[in-house]
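I am attaching a structure below and will ask some questions about it afterwards.
We just call them A, B, C and D in the order they show up, numbering each chain from 1.
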Amino acid sequence: MGNSPAFTATPQSPLRVAVAGASGYAGGEILRLLLGHPAYADGSLVIGALTAGGNAGATLREFHSHLLPLADRVLAPTDLDSLTGHDVVFLGLPHGHSAVIAEQLPDTTVVIDCGADFRLTSGDDWKRWYGTDHAGTWPYGMPELPGARDKLVGATRIAVPGCYPTSASLALAPAVAAGIVEPSVQIVAVSGASGAGKSPRVDLLGSEVMGSVRAYGVGGAHRHTPEIKQNLSALAGTDVSVSFTPVLAPMPRGILATCTAPTTATADEARAVYEKAYADEAFVHVLPEGVLPATGSVIGSNAVQLAVTVDPDAGLLVVIAALDNLTKGTAGAAVQSMNLALGLPEGAGLSTVGVAP
Amino acid sequence: MGNSPAFTATPQSPLRVAVAGASGYAGGEILRLLLGHPAYADGSLVIGALTAGGNAGATLREFHSHLLPLADRVLAPTDLDSLTGHDVVFLGLPHGHSAVIAEQLPDTTVVIDCGADFRLTSGDDWKRWYGTDHAGTWPYGMPELPGARDKLVGATRIAVPGCYPTSASLALAPAVAAGIVEPSVQIVAVSGASGAGKSPRVDLLGSEVMGSVRAYGVGGAHRHTPEIKQNLSALAGTDVSVSFTPVLAPMPRGILATCTAPTTATADEARAVYEKAYADEAFVHVLPEGVLPATGSVIGSNAVQLAVTVDPDAGLLVVIAALDNLTKGTAGAAVQSMNLALGLPEGAGLSTVGVAP
Amino acid sequence: MGNSPAFTATPQSPLRVAVAGASGYAGGEILRLLLGHPAYADGSLVIGALTAGGNAGATLREFHSHLLPLADRVLAPTDLDSLTGHDVVFLGLPHGHSAVIAEQLPDTTVVIDCGADFRLTSGDDWKRWYGTDHAGTWPYGMPELPGARDKLVGATRIAVPGCYPTSASLALAPAVAAGIVEPSVQIVAVSGASGAGKSPRVDLLGSEVMGSVRAYGVGGAHRHTPEIKQNLSALAGTDVSVSFTPVLAPMPRGILATCTAPTTATADEARAVYEKAYADEAFVHVLPEGVLPATGSVIGSNAVQLAVTVDPDAGLLVVIAALDNLTKGTAGAAVQSMNLALGLPEGAGLSTVGVAP
Amino acid sequence: MGNSPAFTATPQSPLRVAVAGASGYAGGEILRLLLGHPAYADGSLVIGALTAGGNAGATLREFHSHLLPLADRVLAPTDLDSLTGHDVVFLGLPHGHSAVIAEQLPDTTVVIDCGADFRLTSGDDWKRWYGTDHAGTWPYGMPELPGARDKLVGATRIAVPGCYPTSASLALAPAVAAGIVEPSVQIVAVSGASGAGKSPRVDLLGSEVMGSVRAYGVGGAHRHTPEIKQNLSALAGTDVSVSFTPVLAPMPRGILATCTAPTTATADEARAVYEKAYADEAFVHVLPEGVLPATGSVIGSNAVQLAVTVDPDAGLLVVIAALDNLTKGTAGAAVQSMNLALGLPEGAGLSTVGVAP
């Protein structure tokens, strides 16, 4: 494709990066990754404004005491004044808040939205699930999907995928694209609590979450369903039926998605399809036969570990995907997208090595 | 039915109850329930021999420091000498070890096996999944299944169901029996670590389990699959296809099973089927519309909480079941079965109230 | 002492019990214990009004889905209208809210306050730590303290101790009362998250709590310090210096308190003092030499497990206490106090058996 | 001191680094840090032999599935054949196993021992606590202790400190060295389960660890006590009395140490002492007044966060230290020591940024 990145980042003329919504989990994880980015280390990327809504005026330490180098930074309000003058602006805002900010920023600013606002292609879908008018559709920050990477190179507006759709799409895309499954998939995805964000809700209190798992959004009620359907249907060239059940588990991070679809392929045939599809992908790993992934292996990393098998008695492809919802599921995809947009090495600042145990 | 319990329990002539495998999780939970049983409180049930394999000779405190009233009991070896002279013998032994003990005990002794040995009706299934000769089939300790309760009254040999099959069978039985679903079900069940037992395995260490979820036994590889299939096929009157994926979550107890099957019923129709099926059951609760269960609500209790709904877009019945794998999933079912066998009130010593948070 | 309970509880004329603050953790745990109380089982105690502040109008299920038998109860407002006509009223209200309610209730109503309002004897201490006028001092619901039990028999106003003071006081009282330690104690107590209550605070979110421990109230800043000091100084007959550090651990329930004081006694001498002091106490257990307690052993129980030893090199008595902050630390003590006040068996509805693992 | 590093690391002539005990937690964490080390990234450091005891012959994936780039490496036996030919050898072996290996390796090989063998200066202490003959004393890998850093530059034998002694020593060293406290300290340190290593012990199973805290090694019984005493006594110039209680918490990583010592200093005076002592240290952070550390803020990082205050009523300095037992407490200190030994930047491959939540 014809875009080419207009940015040159050097210590003399560094990229200026702002993070809006810096007090939340997505914002914090973006900052963690930027602090480990080689461009930050050599001075060619500087961390500019950190902004927040109700938390503006406080220091970052109050929300992210793990980000020691930035602990004394004071949060600015999320407005044009704060965000102007940056080359890259990450948005980690509540759903529906990104469009207002984005339209005020110059077209040349790279705006990377971690919210849902610009993910869906169908305005009707948006209206059905979010109830407001659709703001538009931006290039989709999942470079491992067929055709997606090219649209991110040089892009100045990017919609970061949802965490559940990332797990389900990467787990099912090769099979759907290769036509080895029927267009009817089921996904049960177990997620850590950070996926629900940082709102002070009683049902997310540690006492409620620890020692318990629970489902939510059952029966097609979760807003990530249309995004999964959109991704898979585009690859299938037909409408894919999607059953998606999210489950909350007592851990801070991680998603383990169990994904099935009817197939007549053998396990070896299926695995071959996946190994080919992801042969050149740095962050998606098809595990050897018999090895199953654990979310604990990918914490803090941008890696997705996939187990691909077939249940011959049930006639189902079964793919298990593990990823970190905050990294590959949000902030890692955001930084990976930034790298592509700016012409930096795609994996810069991202790791395939998790923090375990 | 013709059986009638031959036992009369009084403080003057109390029931003597032994627990073989008392150092394990199933054994410990049986003892916890017995200590709270009204027959224990009034002296008409006494806790006799507590036995173990390699742990014989140690005190119970070393394995179950929460069972204070029995903490100084010394574990006897699991053999006929220790177990003889009891009215009831609970077996909490590794799979394949129950038959040898059971055949040495008199026919009049009530033997309640928490292992898998006597659950399956098909010798071929047993051979395929366990690799040894089939020991036989005993009355199945899940009284809420159609037809099962009568066979437990007065029984002297009882096979306690597996924990996963309990969740899946109770979640799907009404729909399958009523014929409102096609005979093709999928189950993803998230379990606490105690379901894997108390063996000193590296992959079950706290450091490995905490902060991580992982699948295991994917693609039809878990031994509980044929038990689920057996239960549902008997109700359907035809072979039911079963896809079962167990997932390990970072919590000690609890199972949350997400169960689906193709349906054309509406959510209201489906819920009505379940409400009718369980209207008289003390331990199975169909939650009101819109309420979803959490395992944290049933810890230590014999309750099963079910959410019943339909995903109309996917054409699927979705039932979520929450239970405590050690209580309703094992020891609670064992005590409930003992009560039925002995003619005690079915719910004696069992609660519908969980310990939360 | 001269009081004698004026209550006779029978199914014909049952005790009516109300719980104010029923949506909180203390209220929920009181209800859990009442549901298992033999007087509830035989109908001589009925659960009357359940009240709440901002949560009035909702069903109990929304806050305590584990309390199945009461799940459909609607919460009434916490006011005189709701609470009048009960024989016993438990108060599980924020600190400072109990006095207003209590003074409206008849003197003959047994009012049991789980808040701090009536624990301290010194009005100056109250003023220093809570900043408001002192409401008064009620009999103190820790019957295991020397002299405390008699004052609870027939009492109609009872202040339930704080959870940390319960652990520290029971851990140190025998040594202080026997004079085998110098009046200078240090306590580091690790608590589960439910001790901080059910307010929707960001720092109590599951994502923040899991995988992390943190101290709070360091350097003499926690409000439980004066209550510990009050208890120990009364026993010592002199002012006891108290250093208290609370630590939050990633678990819902439980307190493990490490308590030290200078001593010249040997470990055997110290243990003998404790064994004598608690010989007749049903709920306080001095563990055998070499055995150390775990909070996991006492969850849901009213038991306190104590390890008593001496570090001869450091010249310190070291006592480790484990209890459940919601049970013996709050609701269990409340029910134990109710039993004493009403002339019921002190341990009715309470267990020494924990739910583990 | 006169040593100067003899190594020059270039991609043409890279450093070869081996890890003995690679299947354990210390070995895994060293490898995680090496994979993120800039010298690994630029090819001037290569990861050579990975060895194990009983696990030799297996792939690294079976033990550390988070270390994707090394997942297919086969573990060699821990012997001279495997370890010869490396410039740096990390030892992550059970206590008592390091000396035999170390004495076979050339003096020019940098040997960094994560075990206890070479930490103690007193042969009598070693004999008392470990029961065998003392192997010797190596330079101590805690560069932040006064006088320690110089001894590490160019060293070819380094003893990495214990995780608890790291927390207690860094928390108390400035006060002891400055003479603002009496030589009598108390430490209660709460640790994650990985500190106990990766042995398949029943008491470390997830089911036992989750939802529970417990003390162990109470009353001066933990082997880390003499190491703490050695560090502090050297700074005090007199024998320091040390009371140390380790507590196990339900989390994989992290230590929170609550440390006290009698003082007459004010909080401001104390904090000034600490701020001066650690002004030039990259990895030890004295938090602002009123801020308390959480272990969750330092996971995966080499940072130590310290809160310094005084309890005036009790007359005690109270210092709370948070660190990651596997990073700064073991592998981070090992890599930091390697950097010093080799003349690399001390902080290379180490971060002050934790992975949270």
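Observations on the model:
Here is the rule we use: a contact is a pair of C-beta atoms (placed from the backbone, for glycine too) under 8 Å apart; a residue touches a chain by one contact, two chains touch by 3 or more.
Owing to the predicted nature of the structure, the values given are computational and were not obtained by experimental measurement.
Taking the definition of touch as given, a chain qualifies here only if it contacts subunit C and subunit D alike; those chains are A, B. Of the two chain pairs shown, A-C and A-B, the one joined by more C-beta contacts is A-B.
We define each chain's centre as the mean of its Cα atoms; on that basis subunit A and subunit C are separated by 45 Å. Rounded to whole angstrom units, the spacing between the C-alpha centres of subunit A and subunit D is 35. Rounded to whole angstrom units, the spacing between the C-alpha centres of subunit A and subunit B is 39.
Shared interface positions of subunit B, defined as residues touching 2 or more other chains, are 25, 194, 207-208, 210-211, 250-253, 293-294, 296-297, 299, 356-357. Subunit A contributes residues 25, 28, 32, 35-36, 61, 64-69, 194, 210-211, 252-253, 285, 291, 293-294, 296-301, 303, 305, 351-357 to its touches with subunit D in the complex. Contact residues of subunit B toward subunit D in the complex are 25, 192-194, 198, 200-202, 204-211, 250-253.
Residues of subunit D touching subunit C in their complex: 184, 186, 188, 190, 207-208, 210-216, 218-220, 225, 241-243, 245, 247, 249-254, 256, 258, 260, 267, 292-297, 299, 307, 309-316, 318, 320, 322, 356-357.
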